[in-house]
Amino acid sequence: MLRLDPGEGRVRSARSFTAWEGGGEYNVARGLRRCFGLRTAIVTAFAQNDVGYLLEDLILQGGVDPSLIRWVPYDGIGCSARNGLNFTERGFGVRGALGVSDRANTAASRLKPGDIDWDGLFSAGARWFHTGGIFAALSETTAPLVIEALKAAKRHGTVTSYDLNYRPSLWKGASGQAKAVEVNREIVRYADVCVGNEEDFSACLGYEPEDSSLSALNIESYRRMVGRVSEDYPNMQVIATTLRTVKTASVNDWSALCWAGGTVYQGMELSNLMICDRVGGGDSFASGLIYGLMAGKDIPTALNYGISHGALAMTTPGDTSMARQGEVEALMRGAGARVER
Amino acid sequence: MLRLDPGEGRVRSARSFTAWEGGGEYNVARGLRRCFGLRTAIVTAFAQNDVGYLLEDLILQGGVDPSLIRWVPYDGIGCSARNGLNFTERGFGVRGALGVSDRANTAASRLKPGDIDWDGLFSAGARWFHTGGIFAALSETTAPLVIEALKAAKRHGTVTSYDLNYRPSLWKGASGQAKAVEVNREIVRYADVCVGNEEDFSACLGYEPEDSSLSALNIESYRRMVGRVSEDYPNMQVIATTLRTVKTASVNDWSALCWAGGTVYQGMELSNLMICDRVGGGDSFASGLIYGLMAGKDIPTALNYGISHGALAMTTPGDTSMARQGEVEALMRGAGARVER
Amino acid sequence: MLRLDPGEGRVRSARSFTAWEGGGEYNVARGLRRCFGLRTAIVTAFAQNDVGYLLEDLILQGGVDPSLIRWVPYDGIGCSARNGLNFTERGFGVRGALGVSDRANTAASRLKPGDIDWDGLFSAGARWFHTGGIFAALSETTAPLVIEALKAAKRHGTVTSYDLNYRPSLWKGASGQAKAVEVNREIVRYADVCVGNEEDFSACLGYEPEDSSLSALNIESYRRMVGRVSEDYPNMQVIATTLRTVKTASVNDWSALCWAGGTVYQGMELSNLMICDRVGGGDSFASGLIYGLMAGKDIPTALNYGISHGALAMTTPGDTSMARQGEVEALMRGAGARVER
Amino acid sequence: MLRLDPGEGRVRSARSFTAWEGGGEYNVARGLRRCFGLRTAIVTAFAQNDVGYLLEDLILQGGVDPSLIRWVPYDGIGCSARNGLNFTERGFGVRGALGVSDRANTAASRLKPGDIDWDGLFSAGARWFHTGGIFAALSETTAPLVIEALKAAKRHGTVTSYDLNYRPSLWKGASGQAKAVEVNREIVRYADVCVGNEEDFSACLGYEPEDSSLSALNIESYRRMVGRVSEDYPNMQVIATTLRTVKTASVNDWSALCWAGGTVYQGMELSNLMICDRVGGGDSFASGLIYGLMAGKDIPTALNYGISHGALAMTTPGDTSMARQGEVEALMRGAGARVER
Amino acid sequence: MLRLDPGEGRVRSARSFTAWEGGGEYNVARGLRRCFGLRTAIVTAFAQNDVGYLLEDLILQGGVDPSLIRWVPYDGIGCSARNGLNFTERGFGVRGALGVSDRANTAASRLKPGDIDWDGLFSAGARWFHTGGIFAALSETTAPLVIEALKAAKRHGTVTSYDLNYRPSLWKGASGQAKAVEVNREIVRYADVCVGNEEDFSACLGYEPEDSSLSALNIESYRRMVGRVSEDYPNMQVIATTLRTVKTASVNDWSALCWAGGTVYQGMELSNLMICDRVGGGDSFASGLIYGLMAGKDIPTALNYGISHGALAMTTPGDTSMARQGEVEALMRGAGARVER
Amino acid sequence: MLRLDPGEGRVRSARSFTAWEGGGEYNVARGLRRCFGLRTAIVTAFAQNDVGYLLEDLILQGGVDPSLIRWVPYDGIGCSARNGLNFTERGFGVRGALGVSDRANTAASRLKPGDIDWDGLFSAGARWFHTGGIFAALSETTAPLVIEALKAAKRHGTVTSYDLNYRPSLWKGASGQAKAVEVNREIVRYADVCVGNEEDFSACLGYEPEDSSLSALNIESYRRMVGRVSEDYPNMQVIATTLRTVKTASVNDWSALCWAGGTVYQGMELSNLMICDRVGGGDSFASGLIYGLMAGKDIPTALNYGISHGALAMTTPGDTSMARQGEVEALMRGAGARVER
């Protein structure tokens, strides 16, 4: 999606916007490429117009291979297929971040099973496949496409990860959340790694937390909930959840927990983290975690890659990280913020 | 519509956009209000989100009364109704202006006969009603709505004007232009004033020009064509057409012709007019002409109000004019461009 | 007034400025219109030049009806009448906000009794009239004009409010503050609602606080002071004061107290409120409070509308609020600053 | 003065301004310093506030010595003394440049005879003193101050120049232009060098051109007019006039004529000169001419320094030149505009 | 190189710069990739610091494969190796474009024979290799490296092209141009395609034009000169030269000639081409020509690809083209600059 | 040096930069001039190109006399001499400030003993000479030049100060820090006032702190260390060290200690100081301290001038302070950050 960002002002009275790109899967692919040096590609579809070309321009800048993007003819008004947009502001202090998604009828949402040659793709040696709950919710055809992809990945030994990423706006209408639970429960049966935030496990998979107080989500109650998850979905090898306490839009506490092999790990805790732009923090957590797992780090280290990368991503504007691996690792070592020169 | 303008660069590689508002009817209403001091309102529909609020903010700045806008609930993704957007660049020299319209499924395009209380509106004393061929082409329901409005205006003695404004992108698909001709022929039967550019009479109403050379559109061949138009549509009292010779994107010849009461008038000719942003030039022509007619000027004077206002509108960025009436009249008097201080 | 804002830099070394509009009464009118949906107008005078047109452009954007503005001819240099300006920076941390007012000889300051048809205005059904101590201090003629207006409002049953708004720069010269006290004591005899900050009651009305420590202004001493005020001015029905503890230019504690019907209410307290631009916080407090009173809310609720609206106004640049009513109410309910998407 | 420039847009709808400095005498001093490497200072007065500090910051950047500026206390609102402002836009094509001067009651306009120690200043070795008709017109006291200065300069052998610079807005009111003629006729009796544009000799000194057609101002009629001037004011050693034919705001023909020692010289002619910002073109002509005279060049060469410097100054935004001497001389040699790298 | 561009102002008084990337070979590679859809890579070296990362970011955006870039350790101050910079302004009207190159001691200039595995590179199937006279002039080691590369390309059947690109600043010092001729004469013995502007054949290869008047460079004298070139260097299969007449910095006449197989072709002529930023026009000519040759077009068509692509590149800021193939071809067909929407 | 600042983003993905000037000695000279009103000049060398002219433009704006700058011819590529650059970002929260220095082979670094007429300079009445460890480290010739200057200053009774300013990047390579200690130990034998941060005394002079914990640097251990320093260098009359605890890049604790006449003074402590841009904080400390000493303030007062000026300098972007003396003194008195208007 193209993100239009009004900077320190608000969408509703802006006279100019900065353009960024975003999207759950893309943000992860970009982080793995630009911060961690891995080669990545994005599978999606764009309408063939100058907004699509702008997205390609941003994706190229992000280092992500655009050659798997399907280009759909544009009809001149956006009836048959569009490119997704969002107008999203950052928030400040007591004023929360706020976004308007304008992503109905996108070329991406019209992708359907059979459109992508998954076997060709995975047999070519892709080591990891990541997708998430936003894409799965875009239309009636995207969830089946996700399942098709996950199954194909499994056939070829490609590791899969899924970010639950619950967005109420995507599940509106009658039986919205119930439908979300139904869809996601089916999907996660095929995922090796499952990522979410505190609320996603409840909203997407239907697990009621024992302790309803978000700010008190502790390792014990999480252990019990995730124990149930891991029993229900024995396919999952890693289950990770970010922990964010929103003190204000500009100051959050930030950490994460991770279950693997029966053990729950508590990652590094960044209290009173200053936030420039929170959008994409969870995606940068995912890419950090995935890097750690792909690089063969132990679970606590991989988890801290995620926390540190997510934290740095939120110190800059835009949905994606501008950090480099050395900075992520320095923050993991507890390095301060002295000037380097 | 919200226009996102990349300035001197191009949409496809922009990292920031200036936001303007536009839309044929709105541009006319804004010009009448801000340049010529008349009170105007806009009848349309917006999806209720921050993009819609931004459009309202721009419309308020434009001095146009937004109280007749219908606010439609937003579903969070833009499936049931959206707000229209366009990404439009200005062109420069040999590089033409270029726009991407993203206006399918807008709240405005879903307006339909019965939605608007035209009788209430016109009986309250509206003196003039202006609409055009872009709105009529937006969906299956908008052309009938236009006809409903024009008929109601007639009932209440409100003068009506219609800008043909042919846009190929709106009439794509099988039998596109034929459909355009069919729809517009029906509509113009109810218009008192009809405005277009050189090509609109052919593309929208099916009149083949005798002389196919655009640059040589002369008063004689125009007189004959418009004679046929006025015979076919005896309801029309004024028929005006802008004349633009695009030497480059930055330099145009600009003038207009006008038929009224059996006579064809040639307006002032601005050769080698420097163009900053051509978008909206035709709409500012229309508002200048309408002002002249409403103010009781004679036809040649009213025509020159249109030409002069359109010319000034193209010296500034954005779709709408930033001129004031005194400046329009000074240019009509042939005033030079010396500094005023 | 036109505000020229150097952004994160300082006036004294700026090379560009953002333009905002401001002014005590206007800010209140804009807040009532754009945040709370009420129709408002501004009574003032502008010199007729492009700076005046720019102010009108900003006022139109603000949704405030400019039709009551008196346009005074401009003499080309600003001798007979000017438009008011201020160059104001926001401050940051230990560096306080700083402003240069350039508002002598404005068209507004030359308004005098008899210039405005108050009876015509109030008899047309205006429900509320708000003005304040800055306008009253602009010249020898503005305080009598304020009194004329307040008396006329009373005749027509229009509720009146007055913001004390002491500005030392306006009361310079011999016997400056004494003069301020004399003028304001006369004016407030005609106000139904009186608003100020901690220092205004002392500086404008001459009430010495029992407890000189600003940060310890407590409900008890306020009750006693306001008790004396309400005895001295039995016309007052609501007396409200904002409480701001300036920890740094970027972090304030923010709350307000309100006396009504013999009772003093303590509003919600926002500790360590992050400040983007504090200018206009008091005006947005006033508009929130007035909305609450006009909407028939109880006093504590109306007070919290003021506190919440003032707080949100300070999270964005410019003198006025960019908030909408739903956001004000969400903050009143204690909503956090999580992203909404 | 501080100039606020809306860039490609217009003052009346701008949301940001670029800040430049300007003023006839200052522009000349800055050009002599930054383009031609001479040491210069400015004699004026500023109100002591952050707008004044900003002007000082700009003057320092301009390399002009600010130590002779008188700093006048600021009263907080601008009643006793202000700093001058103008909001000026550039024009484009058929839309002329447009400015709003807001310079009444400035500290500079309140300077009066006796305020400046001219003898001290000139006896310290100043080689040249330049002033002009805008400053002389600011108030009742500035023309006498100019005469006082010119006389003092004469006493100390400092060469003097005077730019007629007629501004209608400064001479409004009863008998405006007649007063201008009276004042300027008195002043020019003390000037060694007199500069103006085509219209200044008529408007400021009352010489009716034989040939009223501006565009046909030819060397013969100029010779006759200047012959009369040189007879009437035998003190004048050089009389120069710029010739500007405004084809559009963006394209001017640009040249100048110069009388010296009984001969009239026609300088180089730049036809169809592209104009970015015409403001200050005449002042940069003056500084080029003065440099040529001070450097002992012959009159035709000095004249071309003026024409070339004025032309280059109009290729950049702002009132002052960004050119360097080598560029001025290259253009005088007829160098083309190929890239240098 | 990183280009820092002051926009409409000048380097010498800028307070902000836009960052672009540039470099002869890179510009060609980017044009072939983003305009014409071919896969390209760049062989160079960067110092490993954030300026190098920024260059990589820009190259990625350009779609050019950065994997062949050698990253050299940065020593913290730029002594052992730097990244190249230039501060370049566009010019306007009579003011020419102007640039400061700061490219001594770059990592790229320190590349030397043996550093690059040319055989590995060309044996992997590269179809075309392009380089030029700027790189060859950077240091004592770069010309031998160019020769090494051209010879290796020949061994593997890769077509080679060489842009003479004479830059006086690179050949300063004793016997500068003589050295340039010596070096380039050796290099072009290995090039299949040779590109230059009117002056390059003289400055780089020592051919004195028969007709010294640049503006009159006609097809006859070019035929004779190029006949001598083709006899001296029988290896050359295509020799092309751009023709630019600089009327002003903003208006150029633009065309090109091409020799192939004994025939000289005159390409399309664009008179009075409006120029936004001329830098990189020659490189975009080269990429258009190369595309045409690679795509098997006939020589006149390939030549027009070059002229058209070069022209469009100069309508946008920055060193590289923002055009797409369809636009290039439309201009070749003589399409006007009407708006497309 | 020219600083290129990417604002809230990062160098590595910036598309525009703000230009500032900086450099240890210059920052001190500018602070003394613009904040404290003393006349100052800078002794350095620039390559003669537009980047050098831009630096001169910035220095002029800074009020610092540029007439002692040596202008070295530019060779067109920067081989013989360049102008120094740095690309420096501010940091935010957990992300530290980060800079790339590109200052090898600058004209300044090539200054050597004998180049400057120190005796002429100091005999003309310079009261104070300040330099530091960055300049001394630039090349083999700059440390001897510093010593030459300090000795000359001593001869003429000019007070000297030296800022240790250790930069690891300048002392890379074998025996880097040991060389730094050797060089600085020699230099400080000639300085009257020595300034540094907590780490400089160890890194530059080889004093091992008794207590290695930076955050616990207390007055006792400092007293002992500085006692040893003052014994080893009896020439030193004042030794000052800034104390900065970097909680995050955006929040620091800030204070300083000062030894003089055998006593150690602890300055005012600013806890949780909000930081906009920390670069240059130490230099503004030095200029505040020097002002205090030159103005004859007692040591604690002079020390607080330094702390306060350094703190204010870090509330604005750029390397230098935008504060004025009254603001520095208000902060010293503990003034809050309420708005002044």
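Note that the chains take the letters A, B, C, D, E and F in the order they are written out, and that residue 1 is the start of every chain.
Basically, a residue touches a chain if its C-beta (ideal position, glycine included) is under 8 Å from a C-beta of that chain, and two chains touch if they have at least 3 such contacts.
It should be emphasised that the depicted structure is a prediction, and the values quoted were computed from it without experimental measurement.
Chemist: If you check the contacts of chain A and chain D, which chains show up for both?
Modeler: Chains in contact with chain A as well as chain D: B, C, E, F.
Chemist: Find the chain most remote from chain B, comparing centres computed as mean CA coordinates.
Modeler: With centres defined by C-alpha atoms, farthest from chain B sits F.
Chemist: Between B-C and B-D, flag the pair that has more C-beta pairs in contact.
Modeler: B-D
Chemist: For the Cα fit of chain B against chain E, please give the angle of the superposing rotation, nearest 5 degrees.
Modeler: 120
Chemist: Take the average of all CA coordinates in chain A, do the same for chain C, and state the distance between these two points in whole angstrom.
Modeler: Centre separation, chain A to chain C: 44 Å.
Chemist: In angstrom, rounded to a whole number, how far apart do the mean CA points of chain B and chain F lie?
Modeler: 61
Chemist: Using the touch definition from the top, which residues of chain F touch two or more other chains?
Modeler: As it turns out, chain F has residues touching two or more other chains at 10, 12-13, 15, 53, 57, 61, 98, 101, 167, 169, 324.
Chemist: Which pairs of chains touch each other?
Modeler: So the chains that touch one another pair up as A-B, A-C, A-E, A-F, B-C, B-D, B-E, C-D, C-F, D-E, D-F, E-F.
Chemist: What residues of chain E sit close enough to touch chain D in their complex?
Modeler: Residues in contact with chain D: 8-10, 12-13, 86, 88, 91-99, 101, 167, 169, 246, 248-250, 278-279.
Chemist: Under the touch definition given earlier, write down the residues of chain E that touch chain B in their complex.
Modeler: On the chain E side, the touching residues are 61, 270, 273-276, 311-312, 315-317, 322-324, 327, 331, 335-341.
Chemist: Write out the stretch or stretches of chain B touching chain A in their complex.
Modeler: Its residues touching chain A are 4, 10-19, 49-51, 53-54, 57, 74-79, 82-83, 85, 87, 98, 100-105, 167-170, 172.
Chemist: Using the touch definition from the top, list the residues of chain D that touch chain F in their complex.
Modeler: 53, 57-58, 60-63, 324
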